[in-house]
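There are two complexes below, and they share chain A, which is joined by chain B in the first and by chain C in the second.
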Partner chain A sequence: MFDDMSPDDLEYVGKKAGRPDMLEKLTGEATFVSDMSLPGMLHVQLKKSPYARARIKGVDVSKAAAMPGVRAVVTGDELDYHIGLYIVDKYILAKGEVRHYGEAVAAVAAETIEQARAAVEAIEVDYEPLAPVLHHMDALKPDAPLVHPDLGTYSYIEAVFTPKPGTNIANHTKLRKGDVEKGFAESTYVVEREYSCPSVQHVPMETHVAIVQWGRGDKVSIWTSAQSPFTVRNLFCHAFGLPHINVRVQIPYVGGGFGGKAGIGVEPLCAVLSRKAGGKPVKFQASREEEFSLLPCRSALTYRIKTGVSAEGKILAQHMTMYWDSGAYADYAVNVTRASGYSASGPYEIPNAWIDAYTIYTNKPYGTAYRGFGHVEFHWAVERHMELVATAIGMDPLAFRLKNALRPGSVTLTGEKIVEHTGDVVKCIEEAARRVGYGQLTEAEKAREKQTGWKIGKGVAALQKAPAMPSYTATAVVLKMNEDGSVLVNLALTDYGQGTYASIRQIVAERLGFPIEKIKVAFENDTDRDPYDWQTVASKGLLLSGNAAILAAEDLLKNAYAVAAEVLHANPRDLAHDGTRVFVRHRADQGVSFASMAVGFALPNGSGVGGPLIGVGRYIAQGLSNLNKETGEGNPALDWTFGAHGMVVEVNEETGEYRVLKIASIYDVGRAINPDIVRGQAIGGMMQGLGTAICEGYIYDQQGRLLNPSFTDNKIPTAKDLPLEVECAVVETPQVDGPYGARGVGEHSMISVAAALGNAIQKATGAEITHMPMRFEDVWRAIRDKEPIDNWITKSPIGSCRSVPEARPRS
Partner chain B sequence: MRIKLTVNGLIYERDCIEHKTLLRFLREDLGLMGTKEGCGMGECGACTVIMNGRAVNSCMVLAVEADGASIRTIEGEAEGPSLSDIQRAFERNHAVQCGFCTAGMVMSVKELLAEHPKPSADQVKEAIEGNFCRCTGYTQIVEAVLDLTGSPEKKGELEHV
Partner chain C sequence: MVYEFRYLAPRTAAELAAVLDGHKEDGKLLAGGTDLIPGIRNGVMKPKVVIDLKKYSGADRLSYGADGLSIGPAVTINDILRCKEARERYPVLCDCAHELASHQIRNRATVAGNVVNASPCSDMAPALLCLGAKATIRSATGERVVPFSQFFAGVKKTVLAPGEFVSCIMVPAEAAGARGRYLKLKRIAGHDLGIVGVLMTRRDGELRFAVSSAAPTPVLVDSVTEKDSADEAVRKVLAAVSPISDVRGTKEYREHMIGVYARRLFTEVE
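Right, the complex of A and B next:
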């Protein structure tokens, strides 16, 4: 099934192929939930908290309920549903207490959006403001207020997570490998540093939006801009105690997700309003401000790393403590903590490791999955740390990386042995370095320095990630043959821009041996019609669904051959096929067309053979296991995708301004099924990573109010932020259990971009930046060893950047 | 207020409340849903349309201001049943991922090419600077435009090590 085929034997896999969704998207005909409306549909507006933490003493909706056009008003008090993916800790609307700025307290559904807005204005909420706990490090103090005093009563997935009732710790992941104390004792150098990054927003161009109709007999229809139809349905049914058969989730085209739409979002809110309005369909679309403050963001992180190194530069021991800021609810953040915990060292072998990773509740908008699932944040720390440790012990950072990189025979933090076909991080690092001319400046670069007065620096950073998913994650693909012999592909893995459907289409065409024009992947997803898929997350889609697609194609052919054998009076073993017919190998003129068999073959006398041709492929992750909760031992990784970036930057030391001259990104993708799509993922993720590296981040005032919930104050990169030169290349060490050797790469492009930039800036200027983003003023300050600017949470700085003289080598 | 305007060559006459934006008018009154709203504040460019030859953020224009104007939207871009040159170049160069910014992006490129039939890469970047795209990282969009105009600037490819 996953044979290592040479590119010459392949017709579509690895070759250029278009995307099946282009026409609809380029003409404006693709329908997003934003574009949908249903007869009698109501529109929603929300009353939101101006406080980060407050007791709700009363909500008066009497005036609002009596206003023109208003069909339903709901408050948290009347809703007793808890929602949660891993820890069930969130109400649909705040109840008793608000836990973050911008949290919804009451909702109105009215005939027009203006009427809903006017009604929301008329809702009066009586708050008793309480002191919020804003910084996650403050939340660990013994006297910190508890964001969830009832944590001990919440249900959660016990095999995987460990909440600490009576504290703000939503999860504690532990990993213990080897003997850390011994490792440190044998070390020549010990270097300890702390790194951090703020919360950031995914910024899908289409904000969260859903339409829900709670029909008679508790039959619920949901149209939503979400990544995972079956997860929306499952969590929805759990929250409301409904049978799964009652709920149908449909997902048309989706305007970006990046993890922010991975789980359940605004669907339950629309549902309770629809139910209260007598079953009218109800639509809620988040405003851009709500996307920042009501909907989830990426968790902030503080990461302390202490590393012991031998005289030869080999890491002997590493002590790692991650403090993840979950915000007000756990959502995906607890699993980010788990996944980051077992991957915490990056692609390096650490013989003796001690890891504690905490998810910490605070009174801020909550954290969720975001492209890279924690790896962007902690690789910022790990790959800056590798640079700083190397600098501190007087070793070249590239040589230090290569000395410690995972190789065949290395053992990961969880005890997994790296083998030849796991992937080749060494090759990725070396290639990234080569492409930026690491270690020296070219004559042209020297001339440029002289001409501009700006300093040029080059940095490298490596990366790794495996899908973070349940050990038994499964999916299915169904192929249905049409009357003309063309094939429809149904799957519930969604394609919200990644291009996975283009690759699935190539795989199906390849395995069937059909012209690709005959293959259609159905874009709108529907839990009533598509086979199950867990979620569209984790860079697992191509591997799992690609394998299921291969199996489905084989099943379809097997079924077609069975009919053909009967029709042709031949043994199925003697049959072969091309793109239009099945024929007898030794008498090729004797054949039967797929079209004639597609919906049942009619013999000359009219009697039927076979039936509609369908192929089913099911695939489940194999050989994975839950991690031991005390030691972290186990096998969590479906596949490891390794990579590295090389970066060239020029910095104006007078002003702190900088410009990225070049980035070269290398990934070991196993096999690039569609090179243009791999490149699109590589550059798109790189720019998203660059955005968080150069400017993005949530800024709060001392009361916990989000100060920059808009594009005016929270910029994302534009075309003018592109590096002058962008190169992408792939290493192809086939994944033995991947479709045609492929492994996922959707998230990886965003990982380590910031660290590569920080490393290049350090090479250019010596500035030891440990907090991202690296705004120009941060670089200016770091160059001068200044104190950080105190403006991420104004009262309790998590700092920007500075040199830490005390973290010098110990001999 | 009664307004009359031309959209994609067709004349529309409608009553319109004064505070309705051109974006909402196109979507809600004319059913032209191809133009998207990304922020509603004139920052992201998803709602870009061509108004009297200029690319504008239609969320920042009142429909009544467009009285008498000539508007082009993504729905008028294809030439009959076949895609326009710009659309075909986007298709060829994988310049679309989720597709939500695409309509606005195509409109900004259309304005650029009307003024500069042979733009440089920098001119393309300048022209689409007001159009946010979170998916593509812009490179394949810039390449699509340069491919269309026959620019000698080298197009990137995924390389194999």
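Right, the complex of A and C next:
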């Protein structure tokens, strides 16, 4: 919508505009669930499993229940609710068996948090420890213990997923395109490699927290730090068999989510405690340690890629196998597998492709959505692979990328044809390369090398992502005019820090033609007051809700014009408006103010016309389809946002230490509605991507206990870790069905940062790293050993999965 | 964990010594609390009585006199960094102090706490070892002085007996002017515990190395002389350490980095 408007004709879109939540957040005025307290509220503490896998022989809560202040104690045995987004495989509290270290076995609600803690310590659990299956590659072995022996009895979304009962495979996504055998036969080179990355934590500043009150008549009120009020309500109602009108979900300001607060979280746990405590409100706030092992993480991945290339460097065939570590429950990991499966090659054209993507249960904390939804992990593999294939066949990696990049006329893995307005990955790659001076060192860089003794290298990596969401994902926006002619915007898309509300505000102001100061986007979300939105995930918010906002603005104007036409005795076609009034176009002095119509116009004699002015906009994704379960064919992508990073790094070859000197990130956002928000997303995501690349990752011992469940040994980057120089820019190839041509960029900034770093390190030193994070030690080892190495972390809990470099020129 | 304890805050050093004497088994001293509070929170430490030493007069005394720099047990890391005498006369003390954690933690954490905690990755220990500092250890029955070279007894263990506390750390006047540098390898550029750390000082032709995160205790190496070759210096330093593999790094990498740092310091520190 309005994708072809010139920037000169736009008042707010594409211009500077502040964030509506800035003052509240900077001054600490904004209220989060963490800040909230209700009269009579109880506090929750959990008894958690010290084993990765064990049979629960008995739970004795008698002592705990009798302790002072304790109002409710709940164990898994008394609960029979299965929850799950796509595969319904999880109990609220472990029942019969614990499936990962840190899993909750029993819960206490007490008047004070200290009383709850004391009661939890008094709970006695009798476990029979069982041999866990820890590494996802081990879980595929025929004799592996089954994490879910009852997989065959679980309900799941059959149109989309394929679990394999009797195995640890929660889902198998397939994609078949062209003739892979033929493609390999025609290839001059075949290169096969394996890449991997560990589980990581989202680490939102505000940990998971909810307050739930199970009121009289089974009316449930939920206040939660979550990304998606309606999905919380929907899944909650399904789990408890409650009518939707009984449940109200409110989300105030949220201190970050990054995917970890998508779907449903700790709300059902608080609910059963509140019910048992006679309807008192119950609050649970996860500790930082619980974020790491009770709540979900990002799945680990092992990705094997075999590529056939022509003598000219054109990819002819690619065989791809993804092994996703789901942990103990399927949650989002099955859909990460699906979304990664259809995007598995990155932004490159693969004429003949064969993909198997498996989601594998293990006895570890479970995987969920995390910014990028699988794309950070598999782009690490794909973009390192592109580099290594290019190196193996003696071609410049940049030239190799450009030769194989998607262009108008290319066909994606699922059979979608790329057109002129899909987005321009070639331009992104070229611009990223240009901005870091790819291919050579400047005089200043050469001088720096000489002075420091550190080697400087430059790399690029490209990326793509489409929203991973149901094909019929929908949203709505409602505008309500206030008595003074200002406008309140209601929507259930949640702004948990990403800044979408700033952009929505600009879009509404633009389409209404009102001063932006007159537009307010209401921050707190409420399923009883706001119109429906599916979830705030997938970088789909701006596109879908932006379109709905445009339509709502048009509806509001139409309704205002209808009243004005009556008041002014004019035909609506002859009316126009400015920021304050509707007037007759050919007699501009005859008009009526919005303020006078806002809640109903009063004629001079006192009788009323119209009524409160409201605008409604609804928008649903169009033209998408489920993918064929055998071939992967179909149309999964609302829009593709392409991008690329250029990276300059300096490496100390003696120690493996490195520093990022510069990163340039380019995204084809269609149109940057708010350039500052785009920049914020670009820098924030880039830093999160660097964290994944440099230092983050779960480390387990042989029993499946997390060895680094806090910031002591699970480091995340700090302000001091910012690259010396950061550039971000956009390419703008308007998205025809995007609001003013825009497409999403929330997740993309994190994708391929690690690969760009790996590529730059390789350029500088020859180190071939195939596992992230790339710790200094790994870089040192790779330089010293002059062969691809695995991160030493993979030795725990099981042996490594070595890469097999195989470049064979054919005669 | 729920943890209830008695909190006592003696007003004089003598009173502190007496209180501590009465709680030899169940008492724990609180200085900055940056190790004690996480320890209690994680259930690792379970003192019945927490005795705050910051409240007695003189606990935070930091002064320079004829004997050297005298550091009371409540003196924080940032106090050291703000102290003109420390900066001018003992720059390596400030180098090490600056590497310790983040600014916020340095506002709380104390010099004495950092060494009494006796973590192998203590950042202050290398400086105190190289500068020949001594701890004055006080108890209800008297005082004794122990040089830091004899202060550490094992992982998280010191020679302090129950009922004893460090009442003063003295950095001797003769160590003033020692030049040196502390190299600490971290996982990120921001605050982190060291993978390894090596300090070298040079004063009047005398060389000293101290290594953190490389053995059960911080290690002092005073056998390297100016006549040694760089290889010999590295060999002597490595002979004194015994690093392990853990989540922060392997033994192999730690040894490599200690070697790199020792060589660099030996050749670069004038």
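Just so it is clear, the second predicted complex is superposed on the first by the 783 of 811 C-alpha atoms of A that agree within 3 Å, B and C clash if a C-alpha of one lies under 4 Å from a C-alpha of the other, contacts with A are read in each partner's own complex, and residues count from 1 in each chain.
Going forward, contacts are C-beta pairs under 8 Å (C-beta built on N, C-alpha and C of every residue); 3 or more make two chains touch, one makes a residue touch a chain.
What you see is a predicted model, and the numbers here were worked out from it, not measured in a lab.
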| item | value |
| --- | --- |
| Fit-or-clash call for chain B and chain C when the two complexes are aligned on chain A | fit |
| Touching partner for A:712 - first (chain B), second (chain C), both, neither | both |
| Which superposed partner A:687 touches (first chain B, second chain C, both, neither) | first |
| First, second, both or neither for A:720, with chain B first and chain C second | both |
| Contacts of A:731 with chain B and chain C, given as first, second, both or neither | first |
| Which of chain B and chain C A:672 touches, first, second, both or neither | first |
| Chain B versus chain C as contact partner of A:699, first or second or both or neither | second |
| Superposed arrangement, angle subtended at the Cα centre of chain A by chain B and chain C, nearest 10 degrees | 40 |
| First (chain B), second (chain C), both or neither touched by A:780 | second |
| Comparing the two partners chain B and chain C, which touches a greater set of residues in chain A | B |
| Closest Cα approach, chain C to chain B, once both complexes are overlaid on chain A (Å) | 5 |
| Set intersection of chain A contacts, chain C complex versus chain B complex | 712, 716, 718-720 |
| Parts of chain A lying in touch with chain C, wherever the complex brings them together | 114, 117-118, 121, 654-655, 657, 659, 694-695, 699, 707-708, 712-713, 715-721, 775-777, 780-781, 792 |
| Residues of chain B defined as touching chain A within the complex | 27, 32-41, 43-44, 46, 73-75, 77-78, 83, 87, 90-91, 93-94, 96-103, 106, 124-126, 128-142, 156-161 |
| Contacting residues of chain C [partner chain A, same complex] | 1-2, 185, 187-193, 195, 247-250, 253, 256-257, 260 |
| Footprint of chain B on chain A - complex, ascending | 18-19, 21-32, 34-35, 202-207, 253-258, 287-288, 427, 431, 496-499, 666, 672, 675-680, 682-688, 710-712, 716, 718-720, 722, 726-732 |
